[in-house]
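Paired with subunit B in one complex and with subunit C in the other, subunit A is shared by the two complexes that follow.
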Partner chain A sequence: MSFPFLLIIPIILPLVGATALLIRSPLPQKAINRYVEVIACINSLVVWYLLLSGQRGSYTLFSLVQDFSISFRIDGLSALFSGMISLMWPLALLYAFSYMGEDRRNKRFFSFYLASYGITMGLAFSANLITLYLFFEMLTLSTIPLISYYEDHESLYAGRVYAAYLIGGAALAFIPATFLTFLSGGGDFLYGGLFQSELPVFLSREIIDLLYLFSFFGFGVKAAVFPLSAWLPRASAAPTPVTALLHAVAVVNSGVFAVMRLTYYSFGPDLLKGSTSQTTALLFSIFTMVWAAVMAVKERHFKRRLAYSTVSNLSYMLFGISLMTEGGLLGGLSHLVFHGIIKMSLFLCAGIFMHCTGKEYIYEINGVGRRLPLTFAVYTIGALSLIGIPGFCGFVSKWALLTAGAEAGGTLPVLGAAALILTAFLCAIYTLTVSLRAFFPPLDKDHFCGQEVEKPQKAMLIPILVFAALNIFLGLFPRTIMPYLTDIAHGAL
Partner chain B sequence: MLIALILIIPFASAPICYALGRKNPMSSCRAGVLVTALEFVLTLFLFQGDHSLSLPSLFPGGLSLQTDGFRAVYALVASFMWLCTSLFSLEYFRHEEKGLNRYILFVLITLGATEGVMLSSNYMATFLFFEILSFSSFTWVIHEETPGAVRAGYTYLFIAIIGGLVLFMGLILLVSDTGTLDYGELHQILQASPPGGRTLAAGICILLGFGAKAGMFPLHIWLPEAHPVAPSPASALLSGILTKVGIYGILMTALYPLAACPVFGAVIAVLGVITMALGALLALFSCNLKRTLACSSMSQIGFILTGISMYELLLSRGESEAAFMTLSGAMLHMLNHSIIKLVLFLASGVVVMNLHRLNLNDIWGYGRKGKPLFKLSFAIAALGISGVPAFNGYLSKTLLHEGLVEAAEVWGNYSLILKGAEWIFLISGGITFAYMLKLFICIFVERNSSQERQASFDSAPSYMNRISGTVIGLPALLVFILGTPFAAKTIGAYMSGSPAIGEFSPFTWNNLKGGLISLTIGGLIYLLIVRGLFMKGTQSTGKGGSVYCTGLSDALPPSLSGLARRFEGQKLLSYCGQFLFIIGVSLAKFLDRITHLTFLLTIASAFTKFICILPDAIIVLLRTTAVRERPVMGEKRNRTDHMKALLKDNTEAFRPVLMNFSFALMMTCVGILLILGALLILL
Partner chain C sequence: MNVIHNFPLFTVLLSLFSGVLCTRLSNKAAKYYTAVLQVLLMALSASVFFYTLQTGPFTYVLGEFPAPWGNELRAGVLESMMALFFLLVLFCSCIGGWHFLDEDIDESKHNLYFSLIHLLTAALMALAWTNDIFTGYVFLEILTLTSCGILIVREIGRTTLAAVRYMILNLLGSGLFLLGVSFLYDITGHLLLVPMGDTIGQISGDPHEMMVLTLSLTFLTIGLSIKSGLFPFHFWMPDTYGWSTPGSASILSSLVSKAYIFLLFKIFYRGIGIEVFERMPLRNILFVLGLCGIFFGSVSAIRENNLDRMVAFSSAAQIGYIYVGIGIGGSAGYTAAIFHIMAHGLTKSLLFLSAPRLAEASGNSLLFKNLTGSGLRNKSAGFFFLMASFSMIGIPGLAGFSSKLLFAYTALYSGSNLKWLLTMLMLSISSLLNTLYFIRTDIRIYNSSFDRQALGEKEPGENGQAPGALSPAGSENPAIPEAPAADSSEEMAPLPLSKADKGQKGRSAAPDYIVPATILILLNIFLGLYSQGIADLINIGLKGF
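On to the complex of A and B.
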């Protein structure tokens, strides 16, 4: 098989597999599990074969009109994103099988779960703005049934909110996408910007600023930037495998990914640096960091607290991106990867807690750590990493972000660096109080909540252990991955 | 190679010891002793030749470690203290085996991390190991899991996090300014071009970050809380070595990047003098054996910081000879304090092990009879720390004092302030003597007011075994040896790498005078204040029937009438003296309150409330105007109800946070940080 054709296999395979599962008559749970896991593993293998084979090329599926084409290709950024996602998906599935148990709705659940894998791959491999936009919308649509899985009032409402926010945002982003596509003749991503040689005459400064802000907030909806972030905490009404993989990693990171594509590969940082749009983007991302961290401290629902923390951390990435320097992109990229790893492990631990105790509030955690020692040990590792304690991978990305902020100079970047440290304090409060409650409950024995705790299944523990190991390994040996990220940030890949 | 071994052995053996202790906790303790002994032997080899270890690929900045005089001595001191405390643990934990293997696990991890800090030669290595030991020593504080221990543990943990993050910020500023984190390179770069405002800000961040662990004002709050609740061997380590880890970071900053920077020196001097005086006062007022020792540690850290600042001030005026003499003094005082606190905390461990009590009124007269080794060791350590001539503390304190005097001469414009600092120094030294005298006389000289209890103290058959006796006696002997000028000079010159200390003659009249003034002040304070004001006589019994006031609030009369009664009662003191004293006590109480609760809580809770109500206010505003939520089916809510519900939810959610002292503290630091950020932007 020729390479370009192989490129669309990881996109098509899960979609076809999911459709087949959806229209087939009911299957026993075990058969569904085996089927889904096999497809996901094959898919990941294909992705890794593509990445490791080192071939680069593009494949145009079809052209709509002259400039509008659906085409895919691999470059450094897409390789990074797809590689990360394809590592996580099979592990998350393994966890999901034990978490979901047996239920009549599982067939639908797993088919949409699988379909969103293919769609995320499509988003990662997309070669131009129109393709990116298309998969962006598809990802929204395919995850709505996952949010409303429990079909109760709360989750149905969460699904509606989710759809309203994300589809509206994408519509906003559609305007700059078409503009750029027409003006550049195809809109194929190019490091450093589409208009490197000369600007079209009728594009004034104000129009560029407006277009960038449209796309920043439009694609930024998935990255939960401040006024548009309410959907994310609500979406934790979904089952934990969805919250963990989609709403801490895949969906939200695809928002960040899209903003990166827009900023560094379409508009170009040189065009935007120093403009009003950069100032606005920086201001909003800095505000979101602090605001979401404060909200997380206030929140008493375990998963919603983590969701607010995701909002805060996504803004770290947006802050890095909107510095418009190579260092900023490096910081954003490394936080994209490391935050994914950390947040996965935190959410999966929260899921084990909820699954094994049937409780979901922070004040119900008192003393549970004694019954679920491994789970909460992994949680603590994740928490320390998220704060930015050296020795864990969160430190590496914070280091990159802060150095970028300090080196960029100027008021807003330094303010952002200070806000980063401030939110790290808040992060210590909202994550560590949970582990302290779990291991050393502050109240007397009456408030001990660890009486009825089931033992977690092995299949749930394996993924969290893998993520904890990755967390420590990448924290101690960041040189295994950082040179690669630096190359991407410099446009060498 | 040797350094790698020293680092790997504790980290690798920690989980093994943990696993060993799952069945029989004592066996993990024994394995811990073996590991620390091995570590001790390995650190002895550090004195042979130069060792270095560089791992450039391990971290964002790369790790590098090396040895020199100071580092080698402190690596040895660390492993020696670990060896002594783990030998002592064998007896101390005999009856309390719960969680012992967890304790040993973290003791060994902290050992590895401490050696890492003490041998580090770039900021990255210092920072990494510093954070590891911050978190691993948290489990020592919380070990007994009583409510008090948990509370102290929370405070300790959050202060450690604050310190770590402020330090992080400082390092980022430093690296963005100079591009390197290696001590040597930083020294060269900043010698060539004098440090600007940004580097200074970085230095102050670093100072605060390390100061949090050293127990420096204003981040000392964890120290008097955490030391008394930890098991005694752990408090010996916390006080003797972990505070020195913080000092190590400050010392490295003063030696390399910000050498001869007078502003930085002045900042350390101010904070150091406050720490010194405040710690001494708190120790004087304390009525708990371990709390007194903990506050005393804080005060001694202040002495060391003052020494470091005088080094900076002298060096910036080109007085390198005097500067290095002061530096040797500061290093010697670190060493002396480590060893003295080892003896004293282990001695308090003996008391805890036998009586399970720490209040002075309960342990009154415990050491009177039949405990000669215990008595002698305690006495030597007490004399050492009070700076009595012929003991080690006298030498190092005299060196520090000399530094202050020289600095006052050199900095003519500021000589008045420095003279003031010198007097605070002498008075703090006097208070040190007073509270050590208070402890010694209370435990070893006077009789307990209850006859039966005194009898049970005197007739107790054995109070510690031979091993424990050795590990208390041996460091006490060291205290004695370090008190000889020859030993002190040799070690001081070796540690500071400069022969300046060789010309120091400790027993001239000029030097003796300072010590004697200090001791006289101390004796007076003991006789007049401690015996006069802190002891409350009970009418029923005659001699020896008095008790110490428990804490400061007890010492101060509650109302004015009480004040008047006290004036009548204390005829020995002149009214004037009393008046001054009461002002002093009130001031100290005020400072105590400031740094403890009232002040912090008010500011912090106001700030917290503001920052937390802000998002709610925005939401309420939006909900009531633009984005009105659709009512849930069948439920009717009007606007005010909605707002009320939201606000109620807010207060309820926030109550536990506002009640939490650590959180309040954190928010204050957030405030400090905001101000710092604003300053940075202005700079």
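On to the complex of A and C.
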């Protein structure tokens, strides 16, 4: 039984709900919370219904010029991405309600927070390049108000920087998107590439390389590839629920997702393997890994440090993708999922710290572990997982990436694998120093000695516990999900 | 002969006579008469449109004198579409600008303003329908004079200065145009476009004649480029559009400059013949100038700190797009150019109608620093401005994006990799630049911290509402923060602080704004979503052009 039109429900529902909330007269905070949470939960249920009932048809909403159409479809990759996002959104909302408290701007905040849920779903379900581009742009626009939430100088500037980088990147990606769509007559994603049989005659090698690099950097802006990564640390000026859900998972992963779509489903790895563009992509992703990790060690602001760590980890995925092998895609996919889980929990812990103490720098952390034991225990679990200690899920994906790099052979893939190990050390430095400061402060520098801090609310603790549990569970039993990811990487789904 | 064949002439004559009539009408009567007449003209053009869609284009010979002595009007799908578009935007701009007339124009001159609008309509209609290059020249002059008129009718020093500059440049353009016309007449012996094209087709092998032809085309093109504001002649735009009354700004930017381009296109396509034109290097020069216009227009817009002037500079960039389309050539290129004429006209008029309303909610200042939060004080203006700026940036679903797609498509099949690459790069650079200045504006007008600033710097007085009450219920009676810096920078402020009571002017939900703005945005979305249909129509029009 197949109802392809159902695909647009999880996209439309949050958008309509958000618009209704935005134009409605002011509501009490409780009503807003309940309304938003109910819509998000219903939406997640619809998504899971769609995924489990195996909808495979495609639905075309309308056609623009020539072969351009807005259409949706679920395949393995989109099922993975949408499934992951739909699990995280209700939990993040739960956290956001207690974090945001009561503020006159919350109506606007939650409207856009909800709207970006629908838009991310649209991005996940998009069946062709132009739909992907549409939701890519919309995601940027809907998150600008979230970044500028505090409306002070820093966050307004962050919003402008964010818009300039992301819309500029999309404008760059517009070139290959239209090009591929025109040439392939629709640009519907196809595992292995759009030009499987023959290449158009006038398409020279250089043009393909140039186009691929445009799309790699254009869509890669959201994945914060160097030198286009400055927006991500700056975007930490947003409230933590935004930084956690959008700038560690939804927005940045949609960048990675788009690069996957471009590489494996549009250009095709066979076309790109061994080309200049592959070398360039590998070089930039390896450099970003190391550079961002070094920057994270240097950074003293808690959330910005985590943001730099996100930049580094996103480049792991880009490295995996630009290996142009199935193993590389598997590595990228698994890191996409596992890093999302880990980084969510890390950011949410950082948010609890900031919310309860009102402090935001790492040198202010000394000794807080005894006041917020649960939070920092979860933080440490996340940190260990991010480093890649066996037994946590971060290990699984790093292992997949390492083996993929080694299997691919050649200078750059091996160099990338080495960079992976190097950044694991750097990661240990920049994450564990926080835990150490929190639990074992130098005796004379315990900022929280004899000082009470506000207790975190239950609604903030539940999400981080869920993520910590997922972290350990997937680390101990990776077989629950890895075969599925392997199928996707082999194009079987 | 079907009665519909007379309609093109009717549209011209009706507006001409209405121009005379309006001088005798009272202010109010003139206002409503204009709106009604424009609807009537729209009906006439629409019937021509549907008629030609079924039966193909027709030529109307004035007074039954055949060529080469007589004068001709020619109506096809494309012409009637343009006429309809001109009238629609004109209608929306007039109604949207009503509200500002009391403030900007002397009480005794309202009817004269509408009389100018009618003459302008007549010129626009004539340029859309005419098949005779000299008639084109005559109405070009009428268009120039009336557009100077609706500019200078707002009597502040800056508009006088802007109008004088605009007029000198325009007359220079007209002079060059006339030179070009006389050269063309010299080598072809025709003023009617179709026989002229035939003659040029015959003589195009002769190098001497071709030299004269190139020269005359250069004059024609430079003349119309100055008038339409192609780079490097775009410097008059911010003064002209920035200081005029909003209705005029909207008409000048979205219609007048487009009518010149349409005439130029008509001469290229019909008067020169498209095969001859596409062999000339002129095409590539237009392409390059268009690209430069896109770039420098956007860069100038970024440097502006005044909303209207910023929007005006972005016009320079959009004019560049149209010339790029003509420069790439081929039916796809012309389709893209004409589509962009419409897409940009709809968007730009909306921007020019919305900007002053945002300013009105900010103590009549268009400076960025005073506009903070204005989208929350005047919600409808904020919303429409937001939508229009999205269309300018090229968010899918709006007309701006569809025209970007059409340009991309055109460039890809232009047969030259260099042109393709240049166009695509310029498209993306221009989107980036557009983003920089439009998103900056959007963030600013939706910044809800304005009330805190305003309250912090100035005592709220008796209407000291709680900060929270402003943003949700602000549409009823917005507390206007007295722009603190408006006085110190008076010479920069485009609008003098209004003497009218600001309390009465919280008319954010005024129908004379909502109606035209809604029409414009709906048309914009229509163009954005059904762009294929529109492009097909333009294609049909081009075949019979």
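Odds and ends about this structure:
Definition applied: the second predicted complex is superposed on the first by the 483 of 493 C-alpha atoms of A that agree within 3 Å, B and C clash if a C-alpha of one lies under 4 Å from a C-alpha of the other, contacts with A are read in each partner's own complex, and residues count from 1 in each chain.
In this text, contacts are C-beta pairs under 8 Å (C-beta built on N, C-alpha and C of every residue); 3 or more make two chains touch, one makes a residue touch a chain.
Values in this document were obtained by computation on a predicted structure and should not be read as measured data.
Within the superposed three-chain model, A:178 lies in touch with subunit C and out of touch with subunit B [touch as defined at top]. When both complexes are overlaid on chain A, the residue A:5 reaches neither subunit B nor subunit C. Once the two complexes are overlaid on the shared chain, A:167 sits against subunit C while remaining clear of subunit B.
Interface residues of subunit B, counted against subunit A in their complex, comprise 57-60, 124, 127-128, 131-132, 135, 142, 145, 147, 150-151, 153-154, 157-158, 161-162, 164-166, 168-169, 172-173, 175-176, 611-612, 614-615, 632, 650, 653-654, 657, 663, 666, 669-670, 673-674, 676-677, 680-681. Considering their complex, residues 153, 291, 294-295, 297-300, 384, 387-391, 395-396, 398-400, 402-403, 406-407, 411, 414-415, 417-419, 421-422, 424-426, 428-429, 432, 436, 440, 442, 444, 476-479, 482 of subunit A touch subunit B.
Per the touch definition, subunit C reaches subunit A in the complex via residues 390, 393-397, 402, 404-406, 408-409, 412, 417, 424-425, 427-429, 431-432, 435-436, 439-440, 443, 446-449, 467-468, 471-473, 528-529, 531-532, 535. Note for the complex: subunit A touches subunit C at residues 25-26, 62-66, 68, 70, 104-105, 107-108, 130, 133-134, 137-138, 141, 144-145, 148, 151-152, 156, 159-160, 163-164, 167-168, 170-172, 174-175, 178-179, 182, 202, 207.
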